[in-house]
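The same chain A turns up in both complexes below, where it pairs with chain B and then with chain C.
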Partner chain A sequence: MIAGVARESRVVTALGRRALSVQFRRAQLLMPTFVLPLMLLAVIASGTSAGRDLRDFPEVSSYLGFVVAGTLLQGALLSGLTSGMALANDIEGGFFDRLLAAPVRRSSLVFGRLAGTLGLAVLQMAWFLLVALLFGASYPGGVLGALGAAALAVITAVGIGGLAIAIAIRTGSMSLMQSIFPFVFVLLFTAPAFFPRDLLTPTLRDLSAYNPLTYVVEGARGLLQGDASLGDPWIGLAAAVGLAAFATALAVLALRDRARRT
Partner chain B sequence: MSGPASSSPPAVSVHGLERAFKGGIKAVDGLDLEVREGEVYGFLGPNGAGKTTTVRILVTLLKPTAGEARVAGFDVVSQADAVRRNIGVALQEAAIDPLMTGRELLRMQGALHGMKGAQARSRAEELLDRVGLTDAGGRRVGQYSGGMRRRLDLAMALVHRPKVLFLDEPTTGLDPTSRSALWREVRSLNDDGTTVFLTTQYLEEAEQLADRVGIIAGGSLVAEGTPAELKAHVGEPTLHVDLAPESDVAAARVALSAVGPLVDCQDDARVAIRAARGKATVPLAIRALDEAGIAVESVEVESPTLDDVFAAVTGSTLEGATQGASADQAEVPA
Partner chain C sequence: MSTSTDSPAGRSGSRSGGTNSPAGGVAWAFWLRSLNEVTRVRGALIGTSIAPLVFLLGTSGQFGRLVGLPGFPTDSYLSWIIPLCCLQGAGFAGAAAGANLARDIEQGWFDRLLVAPVARPLLVLGPVLGAITRSMVPVTLVLIVGVLIGGEVTGGVLGIVALYVASAGFCTVAAMWAIAIAVHFRTQQAGPLMQMSVFLGVFLSTAYTPQPLLKGWLEDVARVNPVSHILELARQSTVSGIDLSLAHTWPGLVALAALVAVFGALAMIGLRRMGR
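Showing the complex of A and B:
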């Protein structure tokens, strides 16, 4: 039993390491995960810092500091999605068959891929927080707050990764995964990623209440700003963990289902 | 071929195996076969015959729609994990991530088979050396030649020293040098006791490597036996004698008919006889002609090839065979 767990954890580690290192060798996946959110951050922060003068805008150290939580969330969406793409690529290229023919638990194949997502998200969040700091953002919540916010985003990346992996397993199609890309931004913009919930249009505001990412981004913002009135970290954590658990289960089921169908 | 222990189960046994795809195509249609431990089994058939589908079922990547298959004594459906522990697989399109290096891939494969870091690393070096990729081990596989990829793929299949090795068209598309290198490797693996199930479109490959050959067409076996048995079924070798110019052809025919039954020959300066004993017939024929005072220019023995076998059992040549060559035309019971 314990030997079995140790064995599977070696498998997960090896697959995670592989997923992560290959991600860094694929420029077309690296650009969106590490650069795109920062470009958006730069644009938003430079062009619309007027947002802070709007009525109802919460008191934060700077708009930049406010938006960073949205950048972390955007990063989580992108690393999750690219994990699904990388898996679809493995399926299309036949590499996934090699993994399927190995004597490992099917769930380890999912966990291995998600371990890669997790590693990617950790690097990504550290990078975003650092660059935003250089851009002039400040984190009144301190180091612990920043770590907490990064952790929320990383867990969310795993959740989004699980959803993307489930879709990749069910469709096995890289082009379909690519076509999902724009829809991911729906998740982002129906959450108060770049504006407080009060500033969203009424429809969006209603929608955002059902989007788990709303609570994640608010929680992360509360942590970064050291101000729980901006968002409750615990609710954020619950939303992130809930999403991750649900999505992982979905991915494992998708793989079981695929094995039964083939 | 090492002698199989009578107690051990067959390395592969397949009964009434079927696989239908959506749209009703039966890629495998009532397949029966058995591969003994220590054997090299050549699964020979044209494109679309059902070779890959069969292999994918045997390596647990695809489920049969009817029938059953056991590998290393385990059922491929209900005991898939045990099967996976005992097999090595090199699929048709050497499925290796072009962005990884050969060394990384081998180590990963080691981990997939439960090896710890240090063990996986040393096994990777061992195998890189075995397939002559030590120097290329640190390069990304995307830069490898076709032959190097296949060798790496083979090495990956060997990481855990599998009992049964499945190779799906391991040399298709390779140049002759790479092909014979791979053949050497397969032979040496078999010498070490590994059972090999190999699919191929090449007659020569099956003849060169296989202890027994199964010919598949339209999803089922149309003939099976050692290469020699299959060829013997089609007919005996023929001995052709080209006579020197101005020789007495009639006298040559008389002299040679004492050695073996005459075979019709288009060419006037040529006489042919059936040569049951193959090349051993050559000295007999030469002595007979010599005694009759007939000058010979050259002699050759032509053995039937697996191509002839294929033509006999399916009514079409292997090269010209199209998808779904009908098994109904078989004249040789499998």
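Showing the complex of A and C:
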């Protein structure tokens, strides 16, 4: 039993390491994942900061520090999607079929890929928080608040990675995975990623209540700003963990189904 | 996906000789083949059609209160954002042309085209025409839905023409850029790089707020970003504060022509290198 767990752990670690190394082998292709959210952060922080003059906008120490929670969320979405795309590439290239023939548990193939997503997301979140700090963001929640916000985003990345992997396994199509790319922004903008929930239009405000990412971004914002009135971290944690568990189960089921069919 | 010799492009090889304009015949065949993506590739229209639509709803819901700020030229944020989403949809359609080309390169189909007795620009022209045709779907969808949920058409028929010209032109720009990326990296994994460029080009402009409300470095970047002019061209259709006039039209047209020339040249240089 213990030997089996140890063996599968080695498999997960090896696959996770491979997933990371494959993505970093062509770093220029990984650049969007690390640069795009920061560019959007800069654009939104500069382009919509006039919104701070609106009535009902909460008192925050810096607008950049307020919107950076949305950047963490966006990073989580992109790293998750990148995992799905990399898996679709493996399927199209035939590598995944060889993995399926290997004497390992099917779920380890999913966990291995998600381990790569987790590693990528950790690097991303540290990068985003650091760069935003250098450009003037303040985190009144302190180091613990920043670590907590990063942890919420990393767990969310695993959840989005699980969804992307499930779609990649079901379709096996790189083209389709790339078509999904814009939907990342749909998920982002149907949550109060860059503006407070109270200032969203009524329809979107109602809709955002059903998007789990709403609670993640608000929780991260509350942690970064050290102000629980901006968002409850525990509810954010529950939403992130729930999403990750659901998506991972979905990916494992998709893999079992694919293995049965092939 | 048609990678076999019985594809429209393949069949055109025998037919094009019989037409008055072989180049036209070949371009036509590549155009048709590009349009086949819509029916043969699952979800080919999803990203370009549905996403800008949901983006329209999401963005107007997210930042809709900004119209309350002094200096905003319209009291309808939806009207402000409709042209932006049209351009985004068109840009995605253009970027998809590059992603599809990268797939053809990876699968070896494009190598066969390179050895065909066909002028190189035609290999690019077909996918670009196909992308422009496909881009009309999201542009029309965004416009119709936007108007149905409260957007205004303040520019009349000429304003709508300006919107379509801006969208088709921006699609061409995005397609040329994506093709240049595709022939350089030669992998589908460059897809996000193509799409990200469209996003950045649009966002580093007067996307969310007009020039007077921009602050800091973005104020300067948006002023020199050609996409700001293309957006102004398009916004003559729906924004009451941007009247239909030559002054709002020609900067956008010049920006489109310049971008097509630069990215078209990049694509052709990459294509020439690839054939060596």
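One rule holds in what follows: the second predicted complex is superposed on the first by the 259 of 262 C-alpha atoms of A that agree within 3 Å, B and C clash if a C-alpha of one lies under 4 Å from a C-alpha of the other, contacts with A are read in each partner's own complex, and residues count from 1 in each chain.
In this text, a contact is a pair of C-beta atoms (placed from the backbone, for glycine too) under 8 Å apart; a residue touches a chain by one contact, two chains touch by 3 or more.
Treat the numbers as computed from the prediction; the structure is a model and nothing was measured.
**Q** For the combined arrangement obtained by superposing on chain A, do chain B and chain C clash, or do they fit?
**A** fit
**Q** Determine, under the contact definition given at the top, whether A:M31 touches first (chain B), second (chain C), both, or neither.
**A** second
**Q** Applying the touch criterion given at the start, work out whether A:F135 contacts chain B, chain C, both or neither, answering first, second, both or neither.
**A** Neither partner.
**Q** With both complexes superposed on chain A, which partner does A:V186 reach: first (chain B), second (chain C), both or neither?
**A** Second partner only, chain C.
**Q** Now for A:F246: first (chain B), second (chain C), both, or neither, which partner does it touch?
**A** In the superposed model, A:F246 contacts neither chain B nor chain C.
**Q** Examine A:T201 and indicate which partner it touches, taking first as chain B and second as chain C; both and neither are also allowed.
**A** After superposing on A, A:T201 lies in contact with chain C but is clear of chain B.
**Q** Tell me which touches more residues of chain A here: chain C or chain B.
**A** Comparing touch counts on chain A for chain B and chain C gives C.
**Q** If we overlay the two complexes on their shared chain A, which of chain B and chain C does A:W127 touch? Say first, second, both or neither.
**A** neither
**Q** After the superposition on chain A, what is the angle at the C-alpha centre of chain A formed with the C-alpha centres of chain B and chain C, rounded to the nearest 10 degrees?
**A** 80
**Q** Chain B and chain C, closest CA-CA distance after overlay, in Å?
**A** Shortest inter-chain C-alpha distance (chain B to chain C): 11 Å.
**Q** Shared contact residues on chain A for chain B and chain C?
**A** 26
**Q** Which bits of chain A are touching chain C when the two form their complex?
**A** Of all residues in chain A, those touching chain C are 26, 28-29, 31-33, 35-36, 39-40, 42-44, 46-51, 53-54, 82, 85-86, 89, 171, 173-176, 178-183, 185-186, 188-190, 192-195, 199-201, 203-205, 207.
**Q** Would you mind writing out the residues of chain C in touch with chain A in their complex?
**A** Touch residues, chain C against chain A: 41-44, 46-48, 50-52, 54-55, 57-66, 68-69, 92, 96, 99-100, 103, 185, 187-193, 195-196, 199-200, 203-204, 207-209, 213-219.
**Q** Which of the residues in chain B come into contact with chain A in the complex?
**A** The contact residues of chain B facing chain A are 59-63, 81-82, 84-85, 87, 89, 91, 93, 95-97, 99-100, 104, 107-109, 111-117, 140, 156.
**Q** For chain A, which residues count as touching chain B in their complex?
**A** Interface residues on the chain A side: 7, 10-11, 13-15, 18, 21-22, 25-26, 90, 93-95, 97-104, 260, 262.
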